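Listed next: structures, encoded as structure tokens.
Two complexes, one shared chain (chain A), two partners (chain B, chain C).
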Partner chain A sequence: MNDVTVNLAKGASRRFQQITQFIAPISLLSLVSIATLLQPSFLSINNIQDILTQAAPLALVVLGQAFVILVRGLDLSVASLMASAAVLATAFNATSDAMIPVIFLVTIVASACVGLINGLLVTKRNVSPFLATLAMMIVLQGIRFYYTQGAPSGSLPEGFRVLGAGRLTGIPVNMLVFFLFFFILGWLLHKSSFGRRVYITGGNPKSANLVGIYADRVIIICYVISSLMAGISGLILVGFVGTVDNWVGRGYEIDSIVACVLGGIMLNGGKGTLWGAVTGALILILMFNIVIILGLPVQAQLIIKGIIIIFVAGLFSRSIQT
Partner chain B sequence: MIRLDGISKIFPGVKSLDNVSFEARAGEVHALLGENGAGKSTLIKVISGAYIPDDGTIYFNGKKSKWTSPKGAKDAGIHIIYQELVLFHELSVAENIFIGEAPLTWFGTIDYKAMYERAEEILDRLGHHIDVQALVKSLGVADQQMVEIAKALVGETKLLVLDEPTAVISGREAEILFERIKLLRDEGVCIIYISHRLEEIFSIADRVTVLKDGQLIDTRGIEELDRDQLVGMMVGRQLKDVFPAKKIPSRQVTPVLAIRNLCAPPKVKDVSFNLYAGEILGIAGLVGAGRSELAHALFGSIPRSSGTVTLDSEIFNTPSPRESIDRGLGFLTEDRKGEGLMMLLDISANISAPVLSEFTTVTGLDRAREVQVAKDQIHRFRIAVPSPGSGVSTLSGGNQQKVLFGRWTKACRRVLILDEPTRGIDVGAKVEIYEIIRQLANDGLGILMISSELTEIVGICTRVLVMREGFITGEVEGSQIIEEVIMKYATTESDSVTTGIGDVLIK
Partner chain C sequence: MMLSKSNNRVRRLKLDPSLIIVILLLAIVIVCGFFLNERFGTMRNFMNVLEQSSGLGFASIGQAMVVIVGGIDLSIGAIITASTVFMAAVVDVHPGLMIPMIFGTLLFGVAIGFCNGYLTLKTGVHPLIVTLGTASILNGSVLIYTLQPTGGVPYWFEEFAYGRIWNVPISGAVMIVCFALVWLFLHYYQTGRAFYAVGGSPEAAHLCGIQSNRVILLAYSASGFFAALAGIYFVSRTGVGDPRIGDPITLSSITPVILGGLILGGGKGNIFGVLLGVIFISLLSNLLNYMNISTFIQWVIQGVIIIIAVSVYVHKGKNL
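Presenting the complex of A and B:
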């Protein structure tokens, strides 16, 4: 390779890196434009609210997944945990709204424990994140199936519906929940010193230890955050749908990872923003919406999702090379 | 053998080579010297065909030659061994030697029998014996390097270029390497040898060419030169101007750091010493003597099995890096990129990392103060960067090292451990780093400095400990700090270290 091509390649990779920052917002904007062209009512407040309501459960999971990916991890157990959290919530068979705080507390503590185990496996036992969380996914699934015997039958207090489908001064409650966590976690990641520790640990775990950061603790907390978000998302989704089944949140493990990568979070850790990850989630949801607007069969969503993953994988391998 | 005539190579904004003429003969080891950015790599790339010169002519074997690709140069008999070895770890030695050129049976399969035989022949020629069927990953770095050299002997190599081959191997291994190189030289191979280390230039090179800022300074026979002249040619200044004047601290009663019988298996064995405030205590020894491990054990980044460490008369025996930092220790590691800098973060974040809690307020991280501290350090150490918000990955080695000094001088109050603080940076930056280290000691820090470069150990340390195979085998002070004494402790059996030259072994 002569110097001209070397320089070209260098220039191209720099340009490529500059471009990757804008891929998510630009694709989001173009998707919105496409959707508006196809269906002028797309930009109506009602429709936007509908879409955000649909996006909220995934976006919540993405918030947690982003933390895990930033510390070079991966959480495949989120979807299975969502369903398990939902089943656990209905297991109380509660009818009184007074039980809601108890249900909440128990589910969230249980979710946090799942994250703790994931984190301990990855850090203290050196299990690869892929295998540890895959195993967790299967174990949770097994426990859930064993308990429900294949047909979940529990029920939730009526007040629970508010969480998933209710409105507070006209704004969907689940959207509010999402924004609440988006701000809390956004502050945590981008403004607090814990967030800095996340970036240092993800960027260079060895250096992290040598500057006195307990990298293991940081990683474990990230897995706990991911599981917490998955648990909360599961509760919201079950409140939205109104009934529980064994597959609440099915496919969200892949969707959340794809959303993160689409949003510019590097799979080898240490780079990316929460804002980017949420943009990634919106892109996915919009894609699915456009499929509906176009009147295509729902199955087309899967095909498009597959194509996006291939595209994202291509992006990923290029980002490694550069 | 090869003659370059008036070679120029221009990159946008830089004249990387400016009318350089250079000639190397068959049967000589020709050293190519210069600071980082002097044009050595560009010159090598011109020779290897990776770069096409903008001006000038190359004569190879008396013929005017023009290569348009590395393959052309390789076919002509030029073989380059880069610093980073390109071996396939899961393949055997023989397979690596014959990579892409394996002898075939008439079925078209690899003729392993012939390959092993020929691989052994080649290694015999080098006088180096390793199992040709062993996997490369099972070899040490020095043996892997021999495999690289063996690869050069598969075809007919007339010119062999070695780019900093001793950067990764120890002193003893380097001596073996030099013997092998001399063997090839005596067979009539022309060898161009690039290195930062002056000592070895004198033991291996026949002639030396020095480049500076893309220009040829001179080509001389090695016997015409001494080390000071050579450094003078490289940096344009005298060796005595490289190191700041030593300043021996006044004798104190209590050491800032006292270590007794420290063990950290498998590399650190029964180490005891004192470190006083204001002193620069060197730790010399061969690579693998356990020096870095000692530093890690002190700092708490590898576990200790026994022994006591006392800092300011306070014992702390179950340290972690966190606790060490909180007590006033700092540790600048040898692997700048792997264990030091966070390449994805900016300079201010790199500087504040060990003392993040100092910057933490109720509302989060105090970015403004963080940036201010970074600005102060950039100013203090004259780091050449546009702003505290710039990334560290694009900085030169010297500036990256200064960022790390900025980090640890912010965090560290009592003892600063430096592991190879000038590795891979050019002489100009080294001089600045030496001044910084001297200044820090004057300001009252106790400095523990590990280095494989004897020149700088001798040039800057006020006391030196020598390690060998995990033990401290000698301690030298004052006028005894000379290379010969240090090398003797670093290499001989401990039994014979009784000559009494300043050996105050702490028991």
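Presenting the complex of A and C:
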């Protein structure tokens, strides 16, 4: 009898999990329909382009954050790294577009180093990811402010503006960059053997070691991916805004974690898809947009964000428990 | 609990290993301070530092209690902000309500903390996410109410932050008393000992007959209480309700907890270490200020110290 009940429970939980897969897309769709009802011009091409342009930087960070959360980590340093990458890029004071590849290369290598340090601290020194990346966030912030003395200056070549705010036959360029990385990372996570190793490591690092996976190496690569995405996102955001600021991307560390959770990536690792995480990011951005459409004060975004976080996260974890 | 007393005594004779690192750090700062600056080593300076550290101290006590039961509270800053604005706004209109409002604000903090605990238990969501959610709601509500510092408190209320009795700052003394009471509670009361049991393993604690849920609720409520106390301290210090005052404190309340040898994931650590951590952070920034080192470099130093402190002990810890 016990077996039967267990099997029944298993079936029920599997069905429930299948249902939870659709929570994020369904809430995204309902948000879109609410927005369209409230403001018919919401679905106009112009507005969609605007929303996508706003969503791209966050979505890029979310791609990286998803990898880290899948291996039971957290990356709180992404926002600080975005601003640092932006400051580093403007530090060249370059005016000609010929410098763009150099700027890109230097920023990306620097970002990767940050991810490497995060990963090494987490794996080799067993520092909890929360603390390692928190400390990294503070260190980066200190270095950045010391370098800029609180008032960043410097300029970017015109080409960066195209990257952040340009349109290619109507499609925002930063969205194209996002799709490029979405496909690369999506392939990496869902089609390549590395992706399987990520899921196995996230499911249980010890048993991953036992089946011959270098769990440490997988985890380090995930942190490097997260930092790379944050660096690239910082470059795009600085291209979008046009001037550099010490707080480029402020709040993205929290928003990216929230987007992952909304998209069904579990904080205890090993479950969730990249597609879900991106849906989560879109939900967040849409929600901010709807608050503005409704004419509510901007601060209401915070309240609604809080309610959604608790509510949706509660839905997901309930589905695990059953 | 009834664990053999002799065992306890032996443990007390040996220095708690988790305290060594913070004591070392504290010693380094104090010795360096005496050599580097003649104004650092004066009684007056120490008393000033004690006075200034109280806000961080109150916030850290609450954070420590939640960390011991295996959670984390990222809504501390938001509770501090909300309670300063709440208190200053009400007292500004009804100055007579000053004393009741002290209790009202503390109760408000407890209520928010209780909500945190309840939601964590009820939804099963990671406390990190739940407390982020409540923090977001609180911050949003406060910012809708006001964008700049508002309200005010009677002039005499400044005594709590700036007053001295026999040259000892009142706020600092209250902080140390709070630490002592919490230490007594955690080590000599059954419910207090249960904090460690629940932090070590909620299931095992439950099987031993401890009502884990109540302990966790108590921890979050205490965190809300101490955050509100920190809020009251800041009202008394600044005289207004500032809608941004708590922001930086959420994360900085974690630093002393970690330096003091508590482990994220719960079940270990001595609250006395947290007090030393608070004093260390305050003395360090005091010394660096005397040495004219910019705040920005101080951030770098703070980050590096966290990394060093945490990676010296290789935790076979749980994840957070």
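One rule holds in what follows: the second predicted complex is superposed on the first by the 293 of 322 C-alpha atoms of A that agree within 3 Å, B and C clash if a C-alpha of one lies under 4 Å from a C-alpha of the other, contacts with A are read in each partner's own complex, and residues count from 1 in each chain.
Keep in mind that, in the parts below, contacts are C-beta pairs under 8 Å (C-beta built on N, C-alpha and C of every residue); 3 or more make two chains touch, one makes a residue touch a chain.
It should be emphasised that the depicted structure is a prediction, and the values quoted were computed from it without experimental measurement.
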- prompt: A:Lys305 contacts which: chain B (first), chain C (second), both, neither?
  reply: second
Query: Should A:Tyr199 be classified as contacting the first partner (chain B), the second (chain C), both, or neither?
result: first
More chain A residues in contact - chain B or chain C: C
- line: Residue overlap on chain A between the chain B interface and the chain C interface none
- line: Within the complex, chain A is touched by chain B residues 9, 11-12, 50-52, 299, 301, 320-322, 324-326, 331, 333, 338-345, 349, 353-354, 356-357, 359-360, 363-365, 407, 411
Task: Name, in rising order, each residue of chain A that touches chain C in their complex.
output: 72-74, 121, 125-132, 134-139, 141-146, 149-150, 254, 257-258, 261, 267-269, 297, 299-307, 309-310, 313-314, 316-318, 320-321
Message: With touch defined as at the start, can you tell me which chain A residues reach chain B in the complex?
response: 1-3, 7, 187, 191-193, 195-197, 199-200, 203-204, 206-207, 209-214, 270-271
Message: Under the stated contact criterion, what part of chain C meets chain A in this complex?
response: 72, 119, 122-126, 128-130, 132-141, 143-144, 251, 254, 258, 264-265, 294-304, 306-307, 310-311, 314-317, 319-320
